[in-house]
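For clarity, chains are labelled A, B, C, D, E and F in written order, and residue numbers in each chain start from 1.
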Amino acid sequence: MRSNEIISSLERKYLSDLIAKGNRMDGRGFWESRPIQIIPNVVKKAEGSAMVKWGDTVVLAGVKIQLGSPFPDTPNDGVITVNLELSPISSPSHESGPPGPEAIEMARIVDRGIRESQIIPMDDPKLCVIPGKSVWILFVDIYILDDGGNLIDASALAAMAALANTRLNLLSIDEETEEVSLLEETEALPRNGSVASCTFAKINDTIIYDPNLIEDRGKSARFSVAVTNEGLVSSMQKGESGTFFEEEILTMLEKASERTKELHNLIEQSSQAPELQEMFRFDF
Amino acid sequence: MRSNEIISSLERKYLSDLIAKGNRMDGRGFWESRPIQIIPNVVKKAEGSAMVKWGDTVVLAGVKIQLGSPFPDTPNDGVITVNLELSPISSPSHESGPPGPEAIEMARIVDRGIRESQIIPMDDPKLCVIPGKSVWILFVDIYILDDGGNLIDASALAAMAALANTRLNLLSIDEETEEVSLLEETEALPRNGSVASCTFAKINDTIIYDPNLIEDRGKSARFSVAVTNEGLVSSMQKGESGTFFEEEILTMLEKASERTKELHNLIEQSSQAPELQEMFRFDF
Amino acid sequence: MRSNEIISSLERKYLSDLIAKGNRMDGRGFWESRPIQIIPNVVKKAEGSAMVKWGDTVVLAGVKIQLGSPFPDTPNDGVITVNLELSPISSPSHESGPPGPEAIEMARIVDRGIRESQIIPMDDPKLCVIPGKSVWILFVDIYILDDGGNLIDASALAAMAALANTRLNLLSIDEETEEVSLLEETEALPRNGSVASCTFAKINDTIIYDPNLIEDRGKSARFSVAVTNEGLVSSMQKGESGTFFEEEILTMLEKASERTKELHNLIEQSSQAPELQEMFRFDF
Amino acid sequence: MNKEKRSLLLEDGRRLDGRELHELRPITMRTGVLDRADGSCYLTWGNNKIICAIYGPRELHPKHLARPDKAIVRVEYRLATFSVDERKSPAPRRREYELSKILAESINKILFLEKFPNGTIDVFITVLDADGGTRCAALTAASLGLADAGIPMNGILTGCAVGKVDGKMVVDLSDIEDKEGEGDMPIVMIHNTGELTLLQSDGKLTVEEVKEGLKLAETAIGKIYQMQRKALLAKYSQIEDQLDEIDDEEE
Amino acid sequence: MNKEKRSLLLEDGRRLDGRELHELRPITMRTGVLDRADGSCYLTWGNNKIICAIYGPRELHPKHLARPDKAIVRVEYRLATFSVDERKSPAPRRREYELSKILAESINKILFLEKFPNGTIDVFITVLDADGGTRCAALTAASLGLADAGIPMNGILTGCAVGKVDGKMVVDLSDIEDKEGEGDMPIVMIHNTGELTLLQSDGKLTVEEVKEGLKLAETAIGKIYQMQRKALLAKYSQIEDQLDEIDDEEE
Amino acid sequence: MNKEKRSLLLEDGRRLDGRELHELRPITMRTGVLDRADGSCYLTWGNNKIICAIYGPRELHPKHLARPDKAIVRVEYRLATFSVDERKSPAPRRREYELSKILAESINKILFLEKFPNGTIDVFITVLDADGGTRCAALTAASLGLADAGIPMNGILTGCAVGKVDGKMVVDLSDIEDKEGEGDMPIVMIHNTGELTLLQSDGKLTVEEVKEGLKLAETAIGKIYQMQRKALLAKYSQIEDQLDEIDDEEE
C-alpha cells in the first residue's frame, strides 16, 4: 500500500481549493486544534504511561525504568532515551522493521523537546543511585496506534503525560557491598513543569496548526516547536522540502506560545490521576 | 531451488494413496521408527558433542561451556541456551543467513524439552562458580547436516547425547581476589536422567510417527512431545495449519510414552563412551 | 553504476596491447611507482592521522585510542583493530552500507601487515594501564576518498603514517580505587620501525607494480606483500582468480624488498611533523 | 516454570487473585477500534491488553513471495517494550518469531486463502500490557479483527491456557502462575468442530494431567467463544451507542 | 547543551577562541577535488573538515524505488569514526539518519528534479573532523558540489548556526560553545530569496532570542554566500593555477 | 603468531605431536556423504573435520546478480560455533568473509564457468572441528565435492600450510604451531601445472624462508594430490563396499 503515502492529485486539489477559501476539511479554523483526550497510567507493567487520542490519531507512550551505568561525562546524572515505533498497526503505509528515518526524526524531536527543556532534571539526586556507577535509566517508548495526522504533537504529549505519572521504586543500598535492592514503595519521578509541542503545516502559502492526515500528506513544509510551561522554546524543527520566511516563523512561535498554555493545563490535569486507569474505557 | 520445499502434486497423491492403503514409502509401519545411530564425543574442541544419524537425517550437536554472568533473578543458577542452524549444507531448500522462523521454532522446541524437564539441574552447585557473579553458561549448538525429515527428534536426540558426554573443567578460585582459573581436570556435567522427543505427522486423516522427508513435506499437521525417562511430558508443540482432535493427541501421547523408553536406552548407551570417537568411521 | 566495476572489452584490449609492447598508460615502467604524498597529523579530533595521495588515489587514516579491557589470553597487551570504509565518496562502484568482502579483505591485509610485524609492540608496558583490566585500545580507521587504483598500498601507508604520529595521553591512577584519569600531556605511541606494502598485478602474463585504476580492473591476479624496515616479510596475500608461478612470487618479493626501502623513508620523514597540518593545503 | 518460591493457592483453595481453580479472568473485546486498518480488535483479559490490526486481502510485495494459487498469511506478534517486567528491546526476540509462526499457522486454517491468489492477509498483533496467556488472547482477538475486516472465514479461533499450580490443574494462568507454577498449556481451538489449532506445553506434566487440561480448556473455550459471538453481534449496536454518547456529550 | 561548567566568554567580552560575538570562523571551500565523483567539494570551517561527493543524475537501482515523474535525492551524512571526541562506531547512529533526512529535504528544494524522471541524485557527505555546526557546513558544501557536478539548480543553500553563550546570542558556535552553551540554532537559507530550508534548535531560548538569532544568521549567511560565489567563480582560474604549478614543478 | 611461550620442538627435533618437520598429519577424504547436496565431501586432517556441500550449476536468484556470460561461484566458509577454543558466535566474522572470498577466487580458476550462463555454483564449507590449516583443507575438500557433483573442472586444487616453528620451516602446522609459532604460510596449488591459486602469510619471515616454504609446500601438495586421486578413484568401489556392508549387517 505504498501508494497510500502519496496524496492523490484530486485530494491535493480539493485540499488546496478549500484552504484557498479559508476552510479546512473538518471545519476547523486555521489555528484551531482537534479534540484531545489523555488517559494517564494505563499500562500496569510500565512505571509510567499515557494514551493520547488527538483527533483520529492514537498514541500510547510507556516509561520503563531500570538501573544502569551513567555516561562517563555525567557520572551523577540519570539517563533518558526516547524511542518511537511507527507500528504497521497504525497505517497501511507503515512497514514493520527497525525504525526508518521518519520514525527516528520524530523520536529525536520528542527527545530534544524533553531533554533540552530540563523538565525532568536528570541531575536530580533521586536519579543517581551510586555516583559514577549506578543511575536510573528512563526508557520512553512511543507506539503510534492509529495515524490520523500530526503524530509529533500527539507523541510529545503522550511522552510528557507518561513521564508525569512515572514512579521510581525506593531503594535500599548496602553501604559495604554497594548491593542495591528495590523496595515496594515508590515515589514520583522528579519533574519541573512540562513541555508541549506545536506543529504547523504549510499548504500552498497558507499555514495551519495541527494538520490532520490529509493535510499532513498535502503539506509542503512542517514546523514544530516545543514550548515549556515557562514559555521558553526548548526545541524547533523545520521539516519537508518547502520553506518558511522569517516572519512566518515568528507568527508560528507566537501562536505556539499561546496554544501550549492549554496543553500544559491538560498535562497537569492528567497527572492528578494516580490510580491505574481502565484503558478499555478509552474511546479509541 | 525454492520449489524444492513444496511437495509436487504427483508426490502428494502417491503419498496419500500409499497411506490410505496402510503403507509407507519405506515399508515401515505407521508407528515405526527409522534406524538410529548415535556417535557421542566426536568434536575435540567441544566440551560435549554427538552426531546422530536418524534414517537419512544427519545432525551434529556440540556443547561449549564458558564462565559468564547469571541472570539477575537466578543468581546461583547456570545458564543454558540452544541454537539450531538449518545449514544450507543440509538441503537445497535451506538458505544461509541468520536462523529463520523454522530454525528458531525447532531450537526453541529442543530448548524447552531440555529446560522444562530439569534433566540438567541448572541450580546444581557445580554450575555456580561465584554466587551472583560467575556461573557456567552452556551453549548447545545444533547443525543440521543432511535433511532427511523429522529434524526435531534427531536434533533433540543429538542435543541430549551431547549434554550426556559434556565435561566441565574443575576450577581454582582465589578467595581474596575472586580470580578464577581453569584446571586441566574435568568432571561430568550434572544430569538427572534424560529427555527424548517424539514427532508425529498427520497426512490426510492418518497419523504416523517419525516422518521421512517426503512425509514431512506432505503433512498437514505436526505434533511433537518431549518425555522424560520418568514418563513426564516436559514440552508439547503442535505445528502447521492442520488440526488434531483431542483423542488423537491422547493416542500420540500414549505412543510417545512407549517409544521414548527405547530412546532413553539409546541415550544411556551412548553416554558410556568417554573416549573421543572417530567421526570418520561414522556412516554418513 | 555497477557496470563501472567491470572493465570494458575495448579498455581491456587497449591495456593488453600496451602492456604487450612494454608500455603503461601513464608512461611508467613496469616496476615504477606513481608519485606519493603523505600529509601527517591532519585530523584534530584524532590521536593520530595521515592523508595519503598515491597517484589519483586518496586515502585518509585516523587513529582513536581509548581505554578498554584486554583479551583474556593477553591480559597485559594493548589491542589494535583496523577497519576500512570503501566509502561511496571514492567511486561510483562503491555502495554505502557495512563493509563488504572487498573492504574486509583490504582491512585484514593492512591489519596483518601491522600486527604480524610487531612494529607497534602491543606488549609495551605503556599500553597496559591496569594489568588484566584496562589497556589502550587502538582503532585504526581508513577511509578511501578517491579510488585511483592500488588501494591496499595507499591504505597501508596511511595507516602506518597515522600510527607514526599517534600520541597517548599520560594517565594518573588512584592506587586504591584503581580510578584512571587522563592528563593533558601526551607521549608518542611506542613504535619499532615501520612496515610498508607492495602490490603487484598480473595482466596477461606480465607483472606490474602499483596498478592504477584501469590496470586494477584489468588484472587477473594480485599479490601484496608487507615488508618491515628490517626487510622481513610480515604478510603476503594473493588475490583474484588468476595464478602465479613460484618464480614470479620470488621476483615480486625481490622487487618489494627494494621498493619498500623508499616507502620506509617516506614514513620516517612524515613522522617528523608533530604540528597539526593544514589538510587544505593538501593537493587533492 | 521452575522452583516454587511461594504457595500459589490460598488456604481456602482459591488462587492468589481470588479466583476459583477453573475460573476465567474478566475479558472484554471490541472490534473496529482503529481508523486506518481494514479490521481491528482491542481485547483486555485480566491485565493483558492486546491490539490487533488486519490489512487485506491486498497485493503482496515483493511479488516473488506471492503464491499464484492462494493468498499467504503474515502474522507479526510483538510485545511492546513496556509490556513486561524488564524493558524489552524493540528488536523482536526468538520467542516473538516462534509465536508469529504458530499463530499464522492457526489463522491459515480458518481462511479461504485460495480465493485470493497472489494476495496477502496481514495480521499485526501488539501486546501493550502482558499478564500471562498472551498467545491465546492474541488469536482470540485476531479472529474478531479478521471478522471486522470482512474476510471470509470458516471458523473462529478461541484460546485459553490451562496449567498446573501447586499440584492442581487450573484454568487461565495469570502472569505469576505462569512464571512460578509447575506447568503451562496454551490451547487454541475451533470451538464448533473441537479441532485443536494450537497446543503447546511447558513444565512437567503427567499424561493424565495433560488429559485433564485438555478437558478444562474445552469448557473454558466454550465460554470465551460465547463472548466472541456477543462482541461480533454487539458491533452494530455499539456503534449506535457511541453515536448517542457523542450526542450526549455535545449537549 | 546543559550546565555551564565554565565561562565561555573572556573578560573583554570576546569568545574563548578570540572571536567577537558575531564573527565567523575562517572558512575555505574547494570544488572538483575528487576524480571519480561527478562533482565534489572540500570545505573547512574552523576545525571542521568536510568532504562531499555528488553522483548523478543517474539511473536509480533498485528500480522499484524510482519515481516516474522525477528524480529522487538521496543524502548520506556521516561522521568519520575519528572525527569526534569518543571514537564513533562505523554504523550510522540515529543522529546521522535524522540529519541525512533533513539535509535531503533542503537539497530537494533547489533542484529541478522533474527534469530527470526515474533518476537519482546522490549526495555523500563525510565529516572528517568535527568542530560544531557540521550540518550547516554540509549543506554549504553540498551546494558547491552540486554546482560542480553541473546539476541545474534554482538556488544555493547557505548555512550557519547561531546560539546562546553566557546569555548572549552569538554567531557560528564552536564545538565547545555548542556542547557547553545554552542554546544552538542551526539555520540554512536560500540567501537570494530569504527562504529558510532548515531550522532547528536545542536549549532554552526566549522567543525574542530566537528572533535575534534569525537576524544574526541572515547577516552571517550573506557573508558565507559571497564566499560560495567566489569559490564557484574561482573554479576555472584555480584549474589554470594548478596547471601552472604542475608546469613549475616539472621544470 | 607472536611470543614463543614454550618450545614447539622436542629434544629429538620432532614436533610436539611426534611428527618429523616435513611430515603431514593423517588425512582422510570421502565424497558423496550427503544425500541432499549435488556433491559433497567429508575430510579429516589431523583433528580438523570439514564438511562440504556443492549445489549447481543452478539458476541464480535473485536474477539481477546473474551474469549473462557465465556462472558465478559463491563460497560460504564457516566455522561451527563449537569448532574452536572459545565458542564462536553463529554470525560470520570478518575472517570468515575474507576466506570465503579468496576460496571462491581459487575455485573460479578451475571451473568452466562460461558453460553455464546466468547460473551459480554454490559451495558451502563448514569446519566442524578446527585444528589449523582449515583453508587449505577446505579447498582440498571442495575440489572433491565439485568432482562428486559432476561439475566439469580443468584442474584440482590441493592445499597445505607451511610455517616457521622454533626457527625451522615445517610442513602442515597444527593448531598450536599455528598459534604459537613464528610464521604461517597457507598455500593452494593446481599440482599438475604448478600454479599457485592461494598464497598468504602471517608472522615474520625472511625472503629465503618464504622460498624454502614454497618448496616444502610443493612436495607436500604432491602427496596430498595423490590421496585426492585415490579418493576419486575409490568412489565407485566404496559404494560397492557400502552395499556389501549393508548386506552383511542385514544377514
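To be clear about the criterion, contacts are C-beta pairs under 8 Å (C-beta built on N, C-alpha and C of every residue); 3 or more make two chains touch, one makes a residue touch a chain.
Since the structure is predicted, the reported quantities are computational estimates derived from the model, not experimental observations.
**Q** Minimal path length between chain A and chain C through chains that touch?
**A** Minimum step count, chain A to chain C: 2.
**Q** Can you name the chain that lies farthest from chain B, using the mean of each chain's Cα atoms as its centre?
**A** In terms of C-alpha centroids, the chain at the greatest distance from chain B is E.
**Q** Average the CA atoms of each chain to get its centre, and name the chain whose centre is farthest from that of chain F.
**A** Farthest from chain F by mean C-alpha position: A.
**Q** Taking C-E as the reference interface, which entry in A-D, B-D or C-F shares over half of its contact pairs by residue number?
**A** Selected pair, repeating C-E: A-D.
**Q** In whole angstrom, how far does the Cα centroid of chain C sit from the Cα centroid of chain D?
**A** That gives a centre separation of 58 Å.
**Q** Taking the mean of the CA coordinates per chain, how far is chain B from chain F in Å?
**A** Whole-Å distance between the two chain centres: 30.
**Q** Return the residues of chain B touching two or more other chains; collapse runs of consecutive numbers into ranges.
**A** In chain B, no residue touches at least two other chains, as defined above.
**Q** Mind pulling the chain E residues that touch 2 or more other chains?
**A** Nothing qualifies.
**Q** Answer with line, ring, star, complete or other to describe the graph linking chains that touch.
**A** ring
**Q** Which order do the chains take around the ring when read from chain A towards chain D?
**A** Result for the ring walk from chain A toward chain D: A, D, B, F, C, E.
**Q** Applying the document's contact rule, which stretches of chain B touch chain D when the two form their complex?
**A** So the residues of chain B in touch with chain D come to 101-102, 104-105, 107-108, 112, 116-118, 123, 223, 228, 231-246, 249-250, 253-254, 257.
**Q** Residue numbers of chain B touching chain F in their complex, please.
**A** So the residues of chain B in touch with chain F come to 1-2, 42-46, 49, 56, 58, 60, 62-64, 66, 83, 85, 87-92, 96, 98-99, 139, 141, 143, 145-148, 279-280, 283-284.
**Q** Would you tell me which residues of chain D are touching chain B in their complex?
**A** 1-3, 94-95, 97-98, 100-102, 105-106, 108-109, 185, 190, 193-207, 210-211, 214, 218
**Q** Across the complex, what residues on chain D touch chain A?
**A** Answer in residue numbers: 28, 30, 33-37, 40, 42, 44, 47, 49, 51-53, 55, 58, 61, 76, 80-87, 90-91, 122, 124, 126, 128-131, 242.
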